[in-house]
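Read from first to last, the chains carry the letters A, B, C and D; within each, the first residue is number 1.
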Amino acid sequence: MLSLPVFLFASLIKTVLVLFILLTAVAYTVWLERKVVGHMQNRWGPTRVGPFGLLQPLADGAKFLLKEDLTPPHVYKPLFIAAPMIAVVCALSSIAVVPFGTSLPIFGHNIPMQITDVNTGVLVILGITSVGVYGVALAGWSSNSKYSLLGGLRASAQMVSYEICLGLSLVGVLIVSGSFSLSEIVKAQGGLFWGFLPKWNILYGGQFIAFFIYLMAAYAETNRIPFDLPEAETELVAGYHTEYSAMKFAMFFMAEYANMITVACLATLLFLGGWHGPVFGPPLLQALLPTFWFVAKVFVFLFIYIWVRGTLPRFRYDQLMAFGWKFLFPLAIANLVVTALIVAYRA
Amino acid sequence: MTPSLHLWLIPVLPLVGAAINGFFGRRLTRQAVGAVALTFCGAAFAMVLYVAVRFASLGLPHTEFLAHWIRSGDFFVNFEFYLDQLTLVMLLVVTGVGFLIHIYSVGYMSEEGGFYRFFSYLNLFMFFMLTLVLAGNYLQMFIGWEGVGLASYLLIGFWFTKDSAASAGKKAFIVNRIGDFGFLIALFLMIKHFGSLDFGQVFAAASHLSVETVGFGLLTSIGLLLMVGAAGKSAQVPLYVWLPDAMEGPTPVSALIHAATMVTAGVYMVARSHVIFDHAPNALTVVAIVGTLTALFAATIGVAQTDIKKVLAYSTISQLGYMFMACGVAAYSAGIFHLMTHAFFKGLLFLAAGSVIHAVGGEQDMRKMGGLRQFVPVTYLTMGIATLAIAGIPPFAGFFSKDEILFRAYQANPVYWVIGLFTAFLTSFYMFRLLFMTFYGDYRGAADGHDDPHGHANHGHGSPHESPTIMLVPLMILALLSLGGGWIGIGGRFERFLGPVFASGDLSERAAEASHVLEHSLMAMSVATAGLGWYVAWLLYVKRPLLPQRIADSLGGFYEAVVHKYYIDELYATLFVKPLVEGSTSILWHGVDQGVIDAAVNDTAHGATHVSEAARHMQSGNLRSYAGWIAAGGAAVIAYMIWMGVR
Amino acid sequence: MLHLVLFLVFGAICVAGAINLLAQTHPISSALSLVVVMASLAVEYLLLGAEFVAVVQVIVYAGAVMVLFVFVIMLLNAGEEERTKGSRVAMILGVPGVLAGGLLVAWVLLKRSETGSVTLGSLPGYPKTIGNLLFHDFLLPFEVTSILVLIAIMGAVVLASRPEAQIPPPGKES
Amino acid sequence: MVPVSYYLILSGVLFACGVIGFLIKRNIITIFMSIELMLNGVNLAFVAFAAQWQHLSGQVFVFFVMVVAAAETAVGLAIIIAVYRTRETLNVDQVNLLKL
């Protein structure tokens, strides 16, 4: 157990570090997306700024910062300003409970690779995600624009609906691992079964259906293709952030990608065994390898995200709702019941 | 214990017939309805005959237990059937005469609407009457008693679309209720004092009580109350008024219910309860006086009636008075004997009258008949036999029974005898008057059957015609019975047969003491009286047809009174009906119902309206106002609780 | 000490949010105030050790119920509140009544000391223990509540669905 | 160490705010939110009592209250939508007749 000053100091350092990494990751996820989608569509993507366009995110950031921050007339100003902040804060804060790896021995202190280990970590992430809806909804409403309002309405309805499926898909994992704590859940997935297969929840826990549901719900939660109805360009211009510009727009942008990363992290932790992977080599490598595996899995998940975006068309809104309520929801409940029966049988 | 005879079948068979006709009769043909009614009624009669055959081998009284009915503490009432000689006589009369009348009805009613309804009611009546007769206790008897009242009501009002028939039915029902009220109180007294309604137990308990020669004791009360019931059912003074009106019913109904069977239920009941009456001589005296008065009273009214059925109705009342007179002098078996013969000849009279009415197309006024002798010879013949029987001409049935009664009345008190003899004269007179007015002289009716009071289908009377065979056969059988039915009483055989039933009172022993000289001289006098009546009637209505009107004119007010039945109906209307209606209207309706009950309800409603008007302002419909009230109330509750807690 | 400070800070936020709910005239501001109240209440729950309750409070109330409110406000495009004078009773009788009742309760609570004190997180409501309680001791109420929720879902669907026949024809307004 | 009564008073204040909101607000949605506020106040009292008596059933009750509140919200908001469709107003002062 750490003493209070050390705890506070370590937490501060970790927070700053994680925020930096996260924001960088957000920036380069954007770059990655542009690059991958570009290649999928037989073009190059960003190439001009830096080698392979690697400095493009910096240039974008500078552009956002320097652009005129236009506030249209007839908006409800307090909420118009607050909405992007709510969005970005909720998106960033959920990373706080995510463990990136096992603990690191630093200066004699065993510092966990996690800002805080809450024993209801999963629920905290769910709670913060659910509050994140306000950002989108309020942005849509306060803009005093029809496109924005429709986008906000769509977003809030869609997110509330899919949140249920998301939560239910997680419950199966929670039953298998018997804990709400993310680090506990990851620890439970260590080791192999049948000699060669990792004891990940998606395999050993039999949660592949839950993973599928989670994948779908996550796409909807983050308003990504094929569920990007709230910002459907062809119908709603840009949905809830039609009226936003400059840094406020950037905040929504950041929030979206941060949410993607959070969702990818959660998927990794819950289904894909977290930081578990082959560990070898010298002690320093041994300490860093779990984090590598974690990042690698998140990357794979994000790549799938982008891949899907480059491949699938958009759903119609009624199809979206029908898919959520009439297919995913019963499936999630069935998965829950089956999982509970299996666990009860094993126990 | 003798083997079970399944006595329950006797009443239940007609009930089944009633049910079949009542529920399905509408869809059945007339033939089928008649067949059903006759089959079940005949089956009951056959059953009674079977019982009669087996009768000698039975231990008497023979009771058959069917089921428990009421079991309340020490008080038991069972469904039980009670068979003794009295019951057997009644059974034979009821089913026999009933069956004949059923046969007759098939012909008489053949043109009527509601054919199935009529036979359903008729069978229902048979069920209740047989229940009454076979009852093993007073309560079961009461069921039958009420049931025959119901059947009577239904049948009197059979042509319910006719206002007079409907009100006649109601009148019969209501007047009977008065009598039933007395009967019921008698039953309550029995329950209170004897703890049972079973005939055996009640009579055993009653016979252990001392004879109440003076005063007004328990048995006297019960007896008088029973007599009230009997007076209602059997149309005795002062409750006779319903019976003449009951002639609104179809003629077979009048024959069956209002002559042969139902109206004799009172006599049967008094005879059945003879133990009680034997121990209450005062009550018995009342019975005798009532009977005697009724006999005379009704006979005098009968003299002046012109409606053929009304004459017979008053005659019935008068004859019932004879029966009560007999019971009143403790000559129960004589009463029952007369009951039986009366059932024969009065049934016959009614049926023959029905045949006459049928012949002249529904006309009932004797003044519009006359000379029917050649048109309806069979009817004339049978009616003549019945008239001879009722008038008391030997050797017809009525002679034996009536003579027996008069003889016993003389023994008890010559006053009864004098009145009885005079009544016999009147009876003879008005019956021959009826016969002469109807069958002698010239036909005074219209040539065609118009003005049809019973809704007879007009079957185009050219002239009066004889009834169909199905109607004549019962007439002839009854005529034979009227002729020979009295012979079983010769030498006291009938009395000896019933002897075991009535063998408790010492009063009945007097018969033995009487000298034959006295008996024969009395017999001669009554025959002479009957002959006198016959002669006078012949004189007035055949020989000098204008004389009656002159006599009537000379009698003036008295004649008017007689024609108007002594204004008894008007008297009752003034004394009872009008005050009742007035009182009900002014006090109960306007006073109690409107003034108190309605007013209470209305005032409550008005009060509620006013309070609501005031309270409505609280109910503004505004949600926040309601919330305000709730909040204030909650605060008050909190304050109260804290105050209670602090204290 | 830390406990008391945290309690007072978040209690103050709570009350401020509640009062703001009353003060704001626009329903969406009131709704956000209520979200603030609920969030700080979640913190109060945490202080009492009810961490599961706190998280569920955020998920259910802030994340679902209030989102639904905001959604409906947006859907109906609810505007500023009208200052109609509908009820004198509410003002004259209700508000003083509430204040009086509240003051009485507060007075009693402060006067009576037997209610005792609690330490920070004195009764940890772990999901596991709560779950055990919920699925053993409170199984019947739990199932009954599930039926209630089912009925509520159906009721909401029935009420909110617009039957085609009931759309009033244009021009016929009452 | 914080006296339980403080929590209870906070709970009471929230409840009273809810009641007052019910009394003074005209917008039916806001009134509905006031009800939620009252329920939250009650929930706090439940949790506080759970801590005082060291029994978790108080916290379990909170779940039931939440479930009921959620159900109530779903139905209530559906009713509000239905009312708005027929009355075209959200002001309760104008919704004071049972029939239109």
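Note that in this section a contact is a pair of C-beta atoms (placed from the backbone, for glycine too) under 8 Å apart; a residue touches a chain by one contact, two chains touch by 3 or more.
This structure is a prediction, so every number in the text was calculated from the model and none was measured.
Using CA-based centroids throughout, the chain positioned farthest away from subunit A is B. Averaged C-alpha coordinates put the centre of subunit A at 103 Å from the centre of subunit B. For this pair, subunit A with subunit C, the centres built from the Cα atoms lie 29 Å apart. Subunit B and subunit D, compared by their mean Cα positions, are separated by 80 Å. Here the CA centre of subunit B is 83 Å from the CA centre of subunit C.
Within subunit C, contacts with two or more other chains are made by residues 52, 56, 64, 68, 73, 75, 86-87, 90-91, 94-95, 98, 101, 105.
With touch defined as above, residues shared between interfaces to two or more other chains in subunit B number as follows: 620, 622, 624, 627-628, 631.
Not a single residue position of subunit A touches two or more of the other chains. Across the whole structure, chains are in contact as follows: A-C, B-C, B-D, C-D. The touching residues of subunit C, when paired with subunit A in their complex, are 28, 32, 35, 39, 51-52, 55-56, 58-59, 62-64, 67-68, 70-71, 73-75, 126-127. Contacts from subunit D toward subunit C in the complex involve residues 1-10, 12-21, 23-27, 29-30, 32-34, 36-37, 40, 43-44, 47-48, 50-52, 54-57, 59-60, 62-64, 66-75, 77-82, 84-85, 90-94, 96, 100.
Partner subunit C is touched in their complex by these residues of subunit B: 618, 620, 622, 624-625, 627-636, 638-639, 642, 645. Residues 76, 79, 119-120, 123-124, 126-131, 133-134, 137-138, 140-141, 149, 152-153, 156-157, 159-160, 163, 167, 180 of subunit A are the ones touching subunit C in the complex.
The touching residues of subunit D, when paired with subunit B in their complex, are 19, 22-24, 26, 31, 92-93, 95-98.
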